[in-house]
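After this come two complexes, each holding chain A, first together with chain B and then together with chain C.
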Partner chain A sequence: MLDFPTICFFVNLLVIQALVLPLYYAIRVSKWQQALLAITGMVSLGVITPRLLVFYVPFWLFVALLHRVTCWCRGTRIARVVFVLSLVALLVPLVAWKLLPVHFVNLFNLLTHHFLWTYCRPLGVIDSIKDYLLPLGLSFATFRALDLLIQTYVDAIPRQTISRILAYGFFAPVQIVGPLVEFRELGDSGNAARRFRLDEFVSGAGLVFIGLTKVYVLAFPLRSSREIFTYADVNPTLTVWLHLILFTWYFYLNFAGFTDIAVGAARLFGYRVQGNFNRPYFRSNIQLFWANWHMSLTRWAQRNVFVPVGGYRKRTQTRAIFATMMTIALWHDISIPLALFGLIHATALYANRLWQDHPAAKRKAPSRFNTIAAACATQLFVTLTFPLLALPMEAIPMFYGRLIGLEYAG
Partner chain B sequence: MEDKLIILFAQVLGVSPESLSDATGPEDTDEWDSLKAMELVSAIEEAFAVELTTAEIMKMRTIGIAREVIRGKGIDI
Partner chain C sequence: MLDKLNHRLKSLFTQSGVGVACTWVSVLRIAVWVGVFMVIGQHWLSQKLTATTTTRADRFFDMQLPFGDPMVFRSGPAASGDMRLAWISGSDAQVLPLDKGDFDLLPLRVRRAMPPEQRRIDILGYVLESQRITESLHCVRNALANDADFVVLSIHPYWSFDVRTPLVRNYMVASAIASNWSYPRTLLPLLFVSEPRDWVRAIFTPSFLALQIQPEFNELLTGQLDQVFAINRTKGRLARKLHEHRLVYYPSRHAYTYWILSGVYERYTKYLPAWMISYASHRDAAKMTNAPYNELMLNSIITALTHSNAAAFLYITPLSDTELAKPGISELVARRAKYLEDRVKSLDINHRIDVLGEFPDTWRDELKFLINRDGQEDYAHLADREHVGDATGQLPNFMAHRILKKLADVRKRHAN
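Right after this comes the complex of A and B.
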């Protein structure tokens, strides 16, 4: 997460915002503000490398088209078929990237650069000096597009103009590291233009500052803890434990810091988007942890997986819990360690649900000591599952072996 | 006149009716988690003798939208 493109993106974004904001607030017409938002997002991506634009402009135009088609088909016989085909079409690039990362990234870089070189030589020349790049923000873009389409299908979002969808798709603050904002978080303003408000501006700038502090002051010194996943076999057990604990804090502070910057930058544009973290490491059970960790992804999965799979009915809730957690896990990467991560957390959530239904859990409020002990146990559980996010399958037995003091002979 | 839907939400969520309005949704109510959402669906179906479809439940993101959905089923609330 604390890598060069992400840092560059936010530095560029803040500079671009400083230039764009006077014009943004001088425009008193909503649709022109939205057009400026979309252009700002495109420039922010294009500055990293123009290649990203060759992918994302057609992607969001395609989303706008699917949104229109879904609206037209609403209430007809073919609505469901069109909807399912649309979802599949949107998922193709993301799934291809997760399943065939090398092939997809090669193809992504070659085709997009070739397009620029052939049809837009000046941008092609600029693109030539840029590094080989992953399709930054694709997981976030795909899930935001899916959310828009699903909400359109269930008639929670009426027909939108292309400029509004592009403003949502290219909303710069959330493009690279989220949060996974809903369309209505950016689209519910109706036709009213955003007016400059000093209190919102100060609050946004404050959040950006807090985010920068988390990333550069708190998380940065902990970054070397990541190396424990490479060198666990040559370190004493105590060191492995210590680095694992430090990694959980690095992971949280880094991600939460970038989210704060994104939420603050959104607020500078006059949009209040919801945050991603609310003291997740101090929660007393796994359900509360997930309700406060990467909250925008959890909310996304609740809306679009948990409810449709039947999470609101007792008889189908178990399968809904498992489907939801597997979606959250596999969103990060389609791999066996991530599938294991999803399965373990789903089982823990199911066990927690059973306990909450148990009469003993309802009898009386837990004591302060029990609450603290439960928070520690939850934190330990989460810490022990985090290596699954970072390790390849073949290294997992070795790493967990080291945690219990086993010597690694390989 | 007391609002039957607001009282129902207040009872299930364990909050005071005064703290709820048609604009209230899970994002601004800590008590409205997935477990409570399940209880809310059951409570609405039982109280108003209706059956909610998956699409309707997905749409019910605020108390106001829930009211619209129930009204759409011919219930006057």
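Right after this comes the complex of A and C.
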């Protein structure tokens, strides 16, 4: 198995949390709580396979080092150069993985395992019976690290201790899926230790329960709809459409379910991280869709791409929209289908922006019927672009051909 | 009361800003879903969970559920024959047919090779698609729990010994924990290789049938929904295109556990980066050592057999000439065969356990191995072939003789 089932990660985490939480709330010293958070995250990754720690511990130590260097250089002439080099250095593993997946995954597994086998044989033995894996959570880790560094560079985050950065990097609930949390979401209470609060605990447990319900009860029955991407050419057009629509719901419910579990698990630790979805399929235009779909990624891109590129200035707005959407798309994978996905959504957002500025759009509030029709149209548009997330380039023409009824022989 | 609880939960979730509120309707919806699934599952379970004689052969009981999950087996059948034989093996006990029909099984051929008066044998079949040492242990424990009089266990010369391949299914660790509660020496290493979820599963599954058969249940659910949202799974052009695309990723998926270790998957070399081929070619099979974890599992198997009254026949899966001709392989097999034989001979109950490390060449030469699509002889799988006929040759006679002889020895010793 190359990909680790996300639900297994969360079951592991909840069991670890059940053991750790009494100690966590008993400590009442912020820095020890931070250390325990970091250890919990490391254990959560390490039980999947110790190989992951060989990669992530140096990775986050490197981030801590870059954070310190950025702090030191702040206000000096080399600050900009150091900052750009730091960003490039952090992006190297992610870009290498997306561009050369086979080579990177092989190298990732073999080198990390070889290190353990050579320098820590007991862990090497344990690691050797674990599966070959993708670098789990690398996309999330890279973007969280970039965010930390950018916020440090613009002086929004003061100098932090290594243990706080490790606690952020290894914050278990959001390690492999879930909201792309900001450093400030975990560090806004300064040095105050987290106290146990029953209402927070119940709310967190409730969210975990709701997340599990979404994943197991609502999304799971729809999962076979994914197979339409494999068998579209041998199924009637109507079936292809039906399964594509079911897939969009599967995709949303599954992801939203895991997000709820992550948010709930974070709340069990006393942290209120923001949600990731807010009924995105019921939004009446594409801008509102993106404001409510994978909201943490959208916020990240808005903060670190849209604003710096000039999204709030009329002259540079178009450029900012395209840059933002391409970042969001290519974060998933650096490929032609994802580039197309980004371009199509950026164009739609641009068109929506033009329409919003048009006098006709401002004349009167839309009727209820128009709002529902607009929500349906938005959902249809999104549904039609989702195959780009799931198919390689060579299969895309065939799939869209089937949607309009074209036949493919043999 | 529920209203109060709902109100409390609603206020909590509304504060959270996530947009989720717990209402009467949502509670009812969850209850209905759970009810529906339990009714379907219970109905289905009652039909599936007891082993019944299969269409494959009379008194052959397939102990696996349709999904082939070795974590949970059917409950054993009521005794109907003179003896209960458990046959535990991987796909090497499947004999592929000439046509595209269903494969035959080595245990059935062995029973057919026995004298007619001695064929009243119930066979508990544990022929897994892939078998590793952890699975073997689980099967042995299950077979013994089902009162097997005789256990035949095939041990793979690679997968049963190599450190990187002690199990093929992740969730087997949970089963291994569950079946080793009273064996601390086996349980301790499992502590290190397991994940917390494995312990949860090991603790709860014995009491909850629905959890035990979860993979089966998933299959059932998917099957039922397929009937509603019918999807045709005939492989068309799109599927072939995607298959080609996935092949590029296939070697990276298997490099660790299969390709690098044995060279079995050499047909995928064109998809592998050059550096990796070079790395793999420097792996010397002759230098491979047994893994402590696998040895421990093997010892647990032998200990389990020792503590039972069952007789057993353990053999190392015979490999093809093509495979044995590869550098270091025959030495590797010889070394592992000797290890196994020495391990059993060191026990004072070796009168009950027959062990065969390497099949005599006279018997092995008659085996007809599957010819793969690249024209090469497969390393371990058997297939009946046109012109040359029966793939198993005299092997069933040989094995039937060994089994009956061992059984006679044991019975004679018991009588004395």
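Heads up, the rule we're going with is that the second predicted complex is superposed on the first by the 404 of 410 C-alpha atoms of A that agree within 3 Å, B and C clash if a C-alpha of one lies under 4 Å from a C-alpha of the other, contacts with A are read in each partner's own complex, and residues count from 1 in each chain.
By definition in this document, a residue touches a chain if its C-beta (ideal position, glycine included) is under 8 Å from a C-beta of that chain, and two chains touch if they have at least 3 such contacts.
Just so we're clear, the structure is a prediction, and the values are computed from it rather than from any experiment.
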Exercise for review: Specify the outcome, clash or fit, for chain B and chain C once both structures are aligned onto chain A.
Suggested key: fit
Check your understanding: Given the touch rule stated above, what does A:291 touch, chain B (first), chain C (second), both, or neither?
Key -> first
Check your understanding: First (chain B), second (chain C), both or neither: which does A:356 touch?
Key -> first
Review point. Looking at chain A, does chain C or chain B touch more of its residues?
Key: C
Review point. Which angle, as a multiple of 10 degrees, do chain B and chain C span at the CA centre of chain A?
Key: 170
Practice item. Check whether A:317 is in contact with chain B, with chain C, with both or with neither, and answer first, second, both or neither. Key: first
Practice item. Classify the contacts of A:303 with the two partner chains as first (chain B alone), second (chain C alone), both, or neither. Key: first
Practice item. Would you sort A:274 into first (chain B), second (chain C), both or neither based on which partner it touches? Key: both
Point to revise | Touching partner for A:132 - first (chain B), second (chain C), both, neither | key: second
Point to revise | Touching partner for A:161 - first (chain B), second (chain C), both, neither | key: neither
Check your understanding: Rounded to the nearest angstrom, what is the minimum C-alpha distance from chain B to chain C in the superposition?
Key -> 9
Review point. Intersection of chain A residues contacting chain B with those contacting chain C?
Key: 274
Review point. Where on chain C is chain A touching in the complex?
Key: 8-9, 12-13, 15-20, 22, 30, 33-34, 163-167, 170, 192-197, 199-200, 218, 221-222, 225-226, 229-239, 241-242, 245, 248-249, 251-257, 271-273, 276, 279, 291-293
Point to revise | Of chain B, residues touching chain A in the complex | key: 26-27, 33-35, 37-38, 41-42, 54-55, 57-59, 61, 65
Revision key, fill the gap. In the complex, chain A touches chain B at residues 150, 153-156, 274, 287, 291, 299, 302-303, 306-308, 310-314, 317, 353, 356
Check your understanding: Touching chain C in the complex: which residues of chain A?
Key -> 1-2, 8, 11-12, 15-16, 47-48, 101-103, 105-106, 109-110, 113, 122, 125-126, 128-132, 199, 202-203, 206-207, 210, 213, 217, 220-221, 223-225, 227-235, 239, 242-243, 246, 260, 263, 267, 272, 274-275, 278-279, 391-392, 394-395, 398-399, 408-410
